[in-house]
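Here subunit A shows up in two complexes: once beside subunit B, once beside subunit C.
Up next is the complex of A and B:
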């Protein structure tokens, strides 16, 4: 398995990951030379922290995509589970129980996603799209019945440090993103389920024949992505002292897919590592930070972002053309 | 005429007048109340904001619903949940169903313009809330956003302009670029700033009404301009991210955060904890009352765009000094009224 990963990575002189990394470095150097204050330690920390939530969601998405799935319900799951947690605390529940209930909600929802994909054998893209609508609809109809923005009460206590605090000068969101990146790396590299994730993504039928318990592993992947969603939600909410459930209507989920794909993770499963997600996240971080310093309008920022994405994808398909060896059935 | 006959006539007149007054006292009917009530009773008010899930729409809808039901009217609400497509579909089907009044809120200046014109042509009274579209209908209800832009900019000039010991640097956080609330406020702000070249706008970016985006933009702007004097944000729901960035950078004392909003309790709390310095409050329940006034005017004058009125809702400046005296309302109360 590891062999095949290595092989596809080295086809052509440059993989997409390397291309994107090269673009990132080039951007970084250009900004460092031409933009005053870009290189300041505080600006670099701000850059990293602004993409830490995206990076964490990307790690969850990575695990699912490696197993040849996709989780479109992440943002809905993050918004509703955390908004409900905050509302429970606001209504007088203790912080611990509220966090536990919110987390349990996120896990339950992602468990259902996993069951739909693994056992009901519904295509991941439809199952999670439907679950996204379900989670949001259910949440707004039954849990967050008031205003769609839930404000953080003062009783949120130490937990508000998750998004606001610093440890040794480094914002906690960055530390959490790094810790999660290491954990996901270790999970994929060392654990049996991590290995099986690659195997299932590469060839689910072969994986089943060789005795891998495919279905439970797929369910586990979705539950890990639900966990990432809950952590990312806590950071988002505590950083701006509120959880805006409207975020479900935004194109955030596409940004998550963007950083995963941009970094070179194959949507057809089985290929990609944590490093790919980090590279994709860094590119978006550097780009957005630089463009904000240059005071480029948000709409134009989106255009530039998508042009860079297209450039990376085109460069990849020119340098690494698809053929019978690299193409896979079920490529999106 | 002799003096005598004059006295007689005068007495007679006085008597008649007295009798008439007595008759009126016996049957004190207001000839205008009946027709007014008739114009309202049994009519149907359809409420279609861009979302029924946020504090402003809940306050407007809650107030209008209560008044409408008091006068024997039917009140319905649709929630397109921020989806412009769903909203124009809802508007199209409403026009077919033909309610008497549509109270709506444009997502931007253009999307609904044609439909609102159609509704007016079909004889439906249309009240536009807060976000003025490209067509004028029976009423626009909301603050005069250009003037609010003037006020906000003037405050910024007063705080950061010539003669102050500051960097004269300010930053503007816009909402959705094409949304009336943001567009007209920025227009007003720029009108003032153009006369004050000493003010330097170091950043003017759209955050799409998203607090997280506003936070990220402001954090970067503060890194680049640690001597920033003030930030103007177009809506409190978004400015919570702007204010959080300022506060977490430890610059709450140095950088003035100016924004505007409907004056919900959450906003008052954010003034108290120094996230916001100044909020121009357009009192959303008050706007609900203005909307109800607009409905009464429209229905008593034929509706369907017969009369066209700009109803500018009052605003006031809210700071830490007067926040305790302000009517900070709880969105939950109105959400419950609307349900």
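Up next is the complex of A and C:
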């Protein structure tokens, strides 16, 4: 329903998603022709694998953004919950309980985010920004008090396969990302809460009036994004054998927003599907992979990504114009 | 029991309930919470940290405060316009780097270098402004992007020049003074901040540009619809923000003379926290420079304090995150509930013990039907004639609720015309010796209609402000009735200073002395308050001998005399009390007595409730206004009393058919003319045994000389 309105709005069926997809294909072709080793199966798998974490975070972010929210605490949540899990295992706790505790921590933090947004009515940007700062600070002050980096102990067992293993030749991170994408797709397409997420994002007041339990649904959205953060964290940690908590201070959360917005998900909520996230993720994957092969400096990569994000935001505002008359007060 | 009663009386007599609501209605109350937070933070860390109040620590804090507060002001400027600027952190780093670059590598003089830096950082702001203001992108995402890009640029520049810069060390007296010196005890950066803050305060609180910026923040849509250049102003806010950040960067460079990759990291979160902690509203429109400064103090003391306490690395962000959450939570709750709270506590009834009313079954107030014979004038053609008055040529005047003065033509008053249009709601009227009509206008003040050309002019709409009033009570809210003393001074009543005209029932519910008698002296043009704390002073009339004025206190059901001269000059005494109804206008009668209108009758229920202030307060809070206990205004009467306060006669209308409600009456040539504020007509009744030639005008100013027709 939302998708059809979107289509009618975009002139000549030129939605942002299609533009981005076209750019991705074009860049893919250009890199394939001009860059050595780009087209190799190993490189392509590495490409997908490198963006699988981003993609999973993007899926969590998608759910929140569809409900007209934003979750800036994802990276902090991911880093601290997984680092704590690893530290617990390192201190001799069993893998199962450690994973459970880490996951419970991630869920609790995202629950608090949800409560702050839904019940305390603090705008999502600030609630999650403050929570990000709080989660990191709390984790570093009370949980991971040693060094910035927590290394994976040998006793991590089967779980270390999450980041490193392969199944039928395909790296497990990619499989996980695909499975999660399907699950999120089904959640949004078939479940009541998924539908309600769209309704809330479209018009929260109307949703409330029609009897949708808006507040619990918003809390659920944040908890789902917390789950995605924990899974993504496990992949990251097991892939590089460690979790660096300083990742919180990096631009990673902006990359997550980047892939969501790039793919054409509207930040005003209610518009977008899993497909948009996949397209955004692929573009960033191709771009970063190509730039890395070309040996472009990391900071310049950041600039290029930022400029692309800016273009995406501009395209978004052109395709979904914000009218002075319909703009919402306090919507920054 | 009697002790509790006494305590209760004292409590309502001396505890100023109404002040609570009045304080809440002030805008500066918004500062209360941030100020408290600031004070608590300082006290806590002052107690925790040794030597916190020592000169060196304060000096260091003040120097850092100058930089931080500039960035907070930059953030606040943008927030007030309804945006957000996340790029302040990296822009700050850029400013810092560029300053050092200009001095150490480009060898520019300090002044020029600082100017260039401010311009460069302003350019970053301009990019933000163009994108957010003109392209109307989302401020959060846009400035996030510029945050990353500028940070990357700084990193690239550092890579290029860091080594070169660390080799040379710029030094000049001015530069050293900026970094380490200052004037008197104030560090240089603090002085810069003070100048910027004062300018900023004046801009936002006193200038058109500042008001327009706040209007956009308050409602961008409304600002756009009223024709403000929204895009340009939003853009300029970002430019100013960038320039302020550049200034802060220069000061930072002067203090530390070092450029590192961690300069300004996380500064945007600190600045945002400070701006919000200070009470500036997210989404814009509400906030001030002083709020930003308070927030900056809190955040600086908080971050520095946590650092100096020697807690481990995570504590800083944790405390900052909690503070931000707390601040936004308070902000949201405050915004949501302030008006609700205000409406709950503003109405503050007080304890009144009403004396037993005079009997209406016998004595002068015995019921009769004398008003049954009232003739009706202009039925259905006038709305709300509160007062009526006749001039020396027998013309009849009344106000109406549309703000007109209507003039009716003698002898039968079937024809009428709009004599003048004032606006507001004309209430009491009086003629001065020259025949000019003076009118009290509810919500507007005291006005004059000149006889010659019917031009309307303002006589006064303000009086001197009371010394300890919380709310500015210099404006006239409800000028009610007036009369003119022989010396030309105009005495008029203001029924209540706490409510607008149409909220009079709420004032009745309070029954506090909210009204006053005000005197305007046309000779000097000065207006002064004569008597305060009167219970809905209403009708006012100069005594026949001109030595005193009589005025009615409606909710107290009494008539007082205020002496203008003689041995009791300046004192007030009760003339008639225990009235069975609420007295309204008072006017002279032909035989040296006075007419008073009772606009409504007391009811035992309301009288009882007046002795139970807590009950009335609960009533005002819990149930809708239309279900409150009201004074009964459906039936009234006219009474006549003499200078000794003896009631001579009363005119009742038992059936309430012809003229149900009376607020005013004038005797004129043997007739009594009646006005009523809820009526759609004017009444008149033939009086028996009265002086057929007596007019009010002549009673005041003597017979007119010759010109009479």
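In this text, the second predicted complex is superposed on the first by the 295 of 332 C-alpha atoms of A that agree within 3 Å, B and C clash if a C-alpha of one lies under 4 Å from a C-alpha of the other, contacts with A are read in each partner's own complex, and residues count from 1 in each chain.
Convention: contacts are C-beta pairs under 8 Å (C-beta built on N, C-alpha and C of every residue); 3 or more make two chains touch, one makes a residue touch a chain.
Note that this is a predicted model, so its numbers are computed, not measured.
Participant: Specify the partner with more touching residues on subunit A, choosing between subunit B and subunit C.
Facilitator: C
Participant: Answer with first, second, both or neither: which of subunit B and subunit C does A:120 touch in the superposed model?
Facilitator: Touch partner of A:120: subunit C, not subunit B.
Participant: Thinking of the overlay built on chain A, is A:310 touched by subunit B (first), by subunit C (second), by both, or by neither?
Facilitator: A:310 sits against subunit C, while subunit B stays out of touch.
Participant: Counting only touches as set out at the top, which of subunit B and subunit C does A:302 meet: first, second, both, neither?
Facilitator: In the superposition, A:302 contacts subunit C only.
Participant: Is A:145 touching anything from subunit B or subunit C once the two structures are fitted on A? First, second, both or neither.
Facilitator: Both: A:145 reaches subunit B and subunit C.
Participant: Once the shared chain is lined up, is A:205 touching subunit B (first), subunit C (second), both, or neither of them?
Facilitator: neither
Participant: Which partner does A:91 contact after superposing on A: first (subunit B), second (subunit C), both, neither?
Facilitator: neither
Participant: Please report the subunit A residues shared by its interface with subunit B and its interface with subunit C.
Facilitator: Overlap of subunit B and subunit C footprints on subunit A: residues 140, 145, 249, 297, 299.
Participant: Write out the stretch or stretches of subunit C touching subunit A in their complex.
Facilitator: Of all residues in subunit C, those touching subunit A are 82-84, 131, 135-142, 144-145, 148-149, 151-153, 155-156, 159, 219-221, 224-225, 230, 265-266, 269, 272-273, 276, 282-284, 311-322, 324-325, 328-329, 332, 336.
Participant: Could you please specify the touching residues of subunit A with respect to subunit C in the complex?
Facilitator: Interface residues on subunit A, with respect to subunit C: 116, 120-123, 125-127, 129-142, 145, 249, 251, 254, 257, 261, 267, 297, 299-300, 302-303, 305-307, 309-310, 313-314, 317, 322, 324-325, 327, 329-332.
Participant: Using the touch definition from the top, list the residues of subunit A that touch subunit B in their complex.
Facilitator: Touch residues, subunit A against subunit B: 36-37, 40, 42-43, 46-47, 49-50, 53, 140, 145-149, 151, 164, 236, 239-242, 244-247, 249-250, 288-289, 292-293, 295, 297-299.
Participant: Can you list the residues on subunit B that touch subunit A in the complex?
Facilitator: 51, 53-55, 58, 81-83, 177, 202-217, 219-221, 223-224, 237, 240-241, 244, 248, 266, 269-270, 275, 331-332, 335-336, 339
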